[in-house]
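In what follows, chain A forms one complex with chain B and a second complex with chain C.
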Partner chain A sequence: MGIQTPNGFNLDNSGKRIVVDPVTRIEGHMRVEVNVDADNVIRNAVSTGTMWRGIEVILKNRDPRDAWAFTERICGVCTGTHALTSVRAVENALGITIPENANSIRNLMQLALQVHDHVVHFYHLHALDWVDVVSALSADPRATSTLAQSISSWPLSSPGYFKDLQTRLKKFVESGQLGPFKNGYWGSKAYKLPPEANLMAVAHYLEALDFQKEIVKIHTIFGGKNPHPNWLVGGVPCPINVDGTGAVGAINMERLNLISSIIDRIIEFNEMVYLPDVAAIGSFYKDWLYGGGISGQSVLAYGDVPEHANDYSAKNLKLPRGAIINGNLSEVLPVDHANPDEIQEFVVHSWYKYPDETKGLHPWDGVTEPNYVLGPNAKGTKTAIEQLDEGGKYSWIKAPRWNGHAMEVGPLARWVVGYAQNKAEFKDPVDKFLKDLNLPMSALFSTLGRTAARALESVWAGRQMRYFQDKLIANIKAGDSSTANVDKWKPESWPKEAKGFGFTEAPRGALAHWIKIKETKIDNYQCVVPTTWNGSPRDPKGNIGAFEASLMNTPMVNPEQPLEILRTIHSFDPCLACSTHVMSPDGQELAKVKVR
Partner chain B sequence: MGAATETFYSVIRWQGITRRSFHKFCSLTATSLGLGPLAASRIANALETKPRVPVIWMHGLECTCCSESFIRSAHPLVKDAVLSMISLDYDDTIMAAAGHQAEAILEETRAKHKGQYILAVEGNPPLNEGGMFCIDGGKPFVEKLKMMAEDAMAIIAWGACASWGCVQAAKPNPTQATPIDKVITNKPIIKVPGCPPIAEVMTGVVTFITTFGKLPELDRQGRPKMFYSQRIHDKCYRRPHFDAGQFVEEWDDEAARKGYCLYKMGCKGPTTYNACSTVRWNGGVSFPIQSGHGCIGCSEDGFWDKGSFYDRLTNIKQFGIEKNADQIGMAAAGAVGAAVAAHAAVTAVKRLASKREDADHNS
Partner chain C sequence: MPTFSQDNRILVLGIGNILWADEGFGVRAVEEFHRRYAVPGNVTILDGGTQGLYLVNYLEEADRMIVFDAIDYGLEPGQLKLVRDDEVPRFTGAKKMSLHQTGFQEVISAADLLGRCPKHLVLIGCQPLDLEDWGGPLTPPVREQISPAIDLACEILAEWDVTVSRRSAPLAQSERLLANDINHANYEMRPA
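Presenting the complex of A and B:
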């Protein structure tokens, strides 16, 4: 029984249907439906983006220099990464170059975001899929201390420290007001950590909550605030002035020292807390290697973190660039954002309309006309959905494909590409992580592997921050304080028509914006974002996307408690506000609704 | 509440803070809120004895920057706020439960804490397509929002989205994203605008309510006066350069490196009501102007549709401020009086303009 998809999954929707809506601990709004067989194994998966905002049409006819601020508001979690992508797209279209210092500062901001996003994702969005908070109450603080000290020399590890924390936690639970832990799946057999590991993880949940607010101060120094720091087409807005009049209000020695101390703390936290925690938790979930989906077949990375300013070719990018298909790790294929045949978006199962829905469209020629209809087998009504029909349209997310393939993007994709390119800085940490857990390479393609890649990347990003901080200082020392290029700041200096694209590796994966400029205004703006790739619905050929594929064949301990679904979906760090923001280029108003 | 209930006081004592330091904290809190010495003992009493107020935090169309800002709070630390000051019983972004286990909390809160919980709203409901541009539990978000508003003690509109509409409501507002006070019309709503609001402003508003047991005093647009009654420009540390006619003319020019006024680069500080230039951001590290970019006015209604962020405030051109600023810039000194006078005129015009806008809104 069932339908065979071209990308190798057997879908069978005959079993019991489980609906999870809302999916929580993500950015934005999302729904998942699965069918489980008689053994409670997932045999069909449907993921749905349940929100839509329309930023791109709002951008039409605006000043391209303002676009970063609009697109930055696509997401406040990966704050800044859309803004960076946007200024790169405008600079690409208009042929604007940026100073070396601006490149280093942008890298520092982007890397700070990677670390912040990864730390907050692991501890505050993902950990509760692995960690049983209530079980921590029965831990022995002394044994917890022994465990903590056996995996790391992090100083907050005494028996008294864990005892005090446990006391606080106990009072919190006994108050009957469980706050964010209310109605969790505590006590489920799907949790595998001993009480001591749970207590240690809860301690680090709280420590990470304190620490994350320090990481973002790097954005505050260069961009004035976080979330949503300020950016600039042509460079960065913050001037450098280390010893002249007024230096106190610019990037000066005090600011550089503050950045440096934050980088030290980032490196320390990554290497003494985050990575050891992931390894420790992984050691208890070694035999839960579900969730790989298409990560072992088809992954895509655009690359990011340019060594030198203004060169976005693969060889100048410190994060790897390339595509892998059909599981062939011996060949990393080149990616071209400007090729109309490579990246295309389909809408046959999305709530949009194309003249011909069997075909995909390249983002420069993107059309996004909403068309909210449910399939014939959906249950409920249009405004009270009980069950979706995946045979029809079922998501506000489009289906992007690379040369026709559904692709996974994100930290795991980047690390798989880097590994396949035989780059030691990616290959060695992966090999070591797997060896320490005594796991084969195939274990990387799993929910756990996705979570581990993110931790390894956070460690990598922390070290890169040190590198670019040193580079920034060396360049200032050499007499270059420039942070902005204003040669083409004035619209009068622009050509009548221009088009371009910009890309980054957002924390969640490959991100690109495509822009067309006409008479100094935005004529068309399209974004294809990481969660559009990962959360994509089916395409005309029936290929399922990364989220759906990752849920397939996972056994559930108790289908009434969607712990395994959450664990795997969270391992992608979904961002739904990002994925579902597109809008028709003509932006006509839809049905009018009276506001009382 | 039983003896097991943790109060703020027990928490900070547990952290090794002395009773003396605790009272000092209360005095400082009272002072920073602009309150007298008597308030300090009221704060102390509340923090020592009250159980935690349930908070339901809902998300409509938004980008989650408000939640991200909230967790940046340095005082109080967000862990202490969540563990000890409020009971954050529902927040899709961080809660453990999902699906119907999450939905059940909403029902339970309405039944068990009728009239006693705070509803905090991040984002706004879209009204086009029957509300289905934002689906939550298979239904339009706006339904859930109205349902939870029914029995709330107080409603907080977090950020520019819930307060004014923000980016998705910028022209042409394709989803008809609508500020929450247009769909909840029978309750007072505390607007805490900004994209996002400052972390300590957010926790300050919540703890004000839990501490004093009343809503903060609001201005006529519904914003807490304690944080939104003055413009960025009023307290900007670069204000002396404005008054002296010293302006940045180009990005990264000598004037930029010296920290001169960003008015000519499009700074919206003169028309933006917020606490950025006083409270500053992320534990006081900086704020946009200090880091070299003009204010984009993100706490003002409709700030996306007031021209480019790099346009000088054009709606005040007729009063000659722009010309004056240029002339002063060239003369470099000696025109301080003119700048101040022009500035006062700008202020008066803005006040009239915003009154007119209010009248439009109410009509």
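Presenting the complex of A and C:
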């Protein structure tokens, strides 16, 4: 029974409906509705971003050189990535090149953001889907120490350390102020770690909280300030003056040395704490390999981290670029952001209006005209939706497609593309991770695989930071201190009309901005963000997106405690802040789950 | 760097999203505070945007904190409310009405969990009128509260033995908290 989607899923919405609204511990606001069968297995999934974006409205007629400062404000997490994507779009439109040092510095900032986001995501937004904090209170500190020392030589692992930590945690929990640990389904049978592994993970949760602030210092140094660093069309805004002492903003040897020491600590934390933790947690969840969704068939990566400045072709990008469809890993297809037929956004199930909704629009021609109507089978009212009708419009997120295919983006997509391209730096760590856990390749296409790919990528990114830091210093020592190209800074030097695009790999996936410039002002500006890809609703052909697909066929221990849904949705590191905008100010108070 | 007594490092923070009408109140208030007043070296002024956990280290390095924010207390639009200490996390979490709200409550508890939360917290909140106008300006009742909110902050700072002084010369564009066309005046010249 049910409806077969073109991308291979059998949707059956006849069973009990479960509503999770909002999904907590994400940036922004989203809602998930699923139908479960008599055995509590998910047979239909509906994901909606209950918000609305429209950056083009704000940017129209602004100076393109300032667009980064606006896009930086879209989201509380991807600030730097949006800014980088924006300056690249303007440079692409106007044919502006950047110096080699600017490329290295941008890579360092982007990689620092990757590591920061991955660490914070894993420990502070996602770990609690695997780790039972309350169970940690009953752990034996001595056994925890033995466990920790068996997986890593990280020094903070004595019985006394874990004992103190446990006491602190107990005090915190007893104070009744669970804080970041509220909204947990503590004690659920869906948690599989022994108390000692839980205690170790909580210890690292706190260590990561303390450590993450070191990483962002890199942004403060190169970007001049944090949390909103400066960016510049044509390069980077920080001058280099190696012999300088303390000149405001300039990069000198002292600052470069500080960055080097932070990179050392990043590499150490990734390799001695983060990756071992993911492997250890994974070892207890080897029989929970749900959540793969479309990752085994359709993935998309734009690529990023250019080796040399100004070359954005696949061969020059250290993070892989390409598309895989129909699960054919032997063929990685090229991606062209300028081809009007490749990347298109559809709105047949989104709360927008197109002249012809059977067709998609390329972002250069994108329009964002709201049209908030519920489908005929929706329950409730427009201001208090009880149940969505996925047969009609049901999300503020548009549905981007690549050559008509729903695609997954993000760390797993990037690593699958790198693996398919047979690049050792991606293939070997994946093979080793799977082998250590005695898991087959197919296990990669799962919630756990997505979480592991993020950890592997953090390790990779730390090493790449070392590479670009060394490259930057060598280039400066060779006498090149240039960080910006101002040849085309003045609008008088621009053509009357221009259009361009910029892309990056944001921590959570492929991100691109498309810009049209007319008479030196912005005429149109469209962002297609990672969560638009992953969180997209159905398209005119009925293909479901990555979030929806990932929930399919997952058994739930207890539908009243939708831990499995949160675990899988969180594994994408969703960020609704930029894909969408607040719909109803008085809507939702705290997480609620409704079973119908 | 001069050093200060261990218990009087002060953070004046504004949070919110400037792209969403009255959601920008906190950032606009701290921007104007900074434009208007020079502060002694033990006071840090910060535009926190919607940064969530990224802000933890700023809290850790402060003994006292004043935060400006748009908060829904169910009051008349534009009404200010001052909340102190233990009440602050409770208030920011009472009603989730904006994206960074849960985020900021988590920032406070994260700092708390690390054992380094500011000892004194003051929230200067303003009841928003409109949070749905994407790209829109602050609404008049909220904009009118920026000055009174800043005055409140000055009173609190005086309580904490901090004297702020009005800037004698206007602050250079490059010295301001927000630049690149997103400063308050330029941002609100929204093209039709």
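By definition in this document, the second predicted complex is superposed on the first by the 572 of 596 C-alpha atoms of A that agree within 3 Å, B and C clash if a C-alpha of one lies under 4 Å from a C-alpha of the other, contacts with A are read in each partner's own complex, and residues count from 1 in each chain.
What we mean here is this: contacts are C-beta pairs under 8 Å (C-beta built on N, C-alpha and C of every residue); 3 or more make two chains touch, one makes a residue touch a chain.
The model shown is predicted, which means the values in this text are computed figures rather than measured ones.
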| item | value |
| --- | --- |
| Clash-or-fit label for the pair chain B, chain C on chain A | clash |
| Touched partner set for A:Trp494, first chain B, second chain C, both or neither | neither |
| Chain A residues touched by each partner, larger count belonging to chain B or chain C | B |
| Partner chain(s) touched by A:Val216 [first = chain B, second = chain C, both, neither] | both |
| Which of chain B and chain C A:His228 touches, first, second, both or neither | both |
| Touched partner set for A:Ser482, first chain B, second chain C, both or neither | first |
| Chain B versus chain C as contact partner of A:Leu206, first or second or both or neither | both |
| Footprint overlap on chain A, where chain B in one structure and chain C in the other make contact | 22, 24, 27-29, 52-55, 57-58, 62-63, 65-66, 69-70, 73-77, 79, 120, 124, 168, 172, 177, 179-180, 206, 209-210, 212-213, 216, 226-228, 577, 583, 589-590 |
| Sites on chain C touched by chain A in the complex | 17-20, 46-57, 60, 72, 89, 95-100, 102-103, 105-106, 108-110, 112-115, 131-132, 134-135, 179-182, 190-191 |
| Footprint of chain B on chain A - complex, ascending | 19-29, 31, 50-55, 57-58, 62-63, 65-66, 69-70, 73-77, 79, 120, 124-125, 128, 133, 164, 167-168, 171-172, 174-185, 206, 209-210, 212-213, 216-217, 219-230, 232, 234-241, 244-250, 258, 370, 372, 380, 382-386, 396, 481-484, 486, 489, 561-562, 566, 577, 583-584, 587, 589-593, 595-596 |
| Residue ranges of chain B touching chain A (in the complex, touch as defined) | 1-2, 4-6, 10-11, 14, 51-52, 54, 59, 61-69, 71-74, 77-79, 82-83, 86-99, 101-105, 126-141, 166-168, 170-178, 182-183, 185, 195-196, 199, 237-238, 250-252, 256-260, 276, 281-283, 285-293, 296, 298, 304, 308-310 |
| Residue ranges of chain A touching chain C (in the complex, touch as defined) | 22, 24, 27-29, 52-55, 57-58, 60-63, 65-66, 68-70, 73-77, 79, 120, 124, 168, 172, 177, 179-180, 206, 209-210, 212-213, 216, 226-228, 577, 581-583, 585-586, 588-590 |
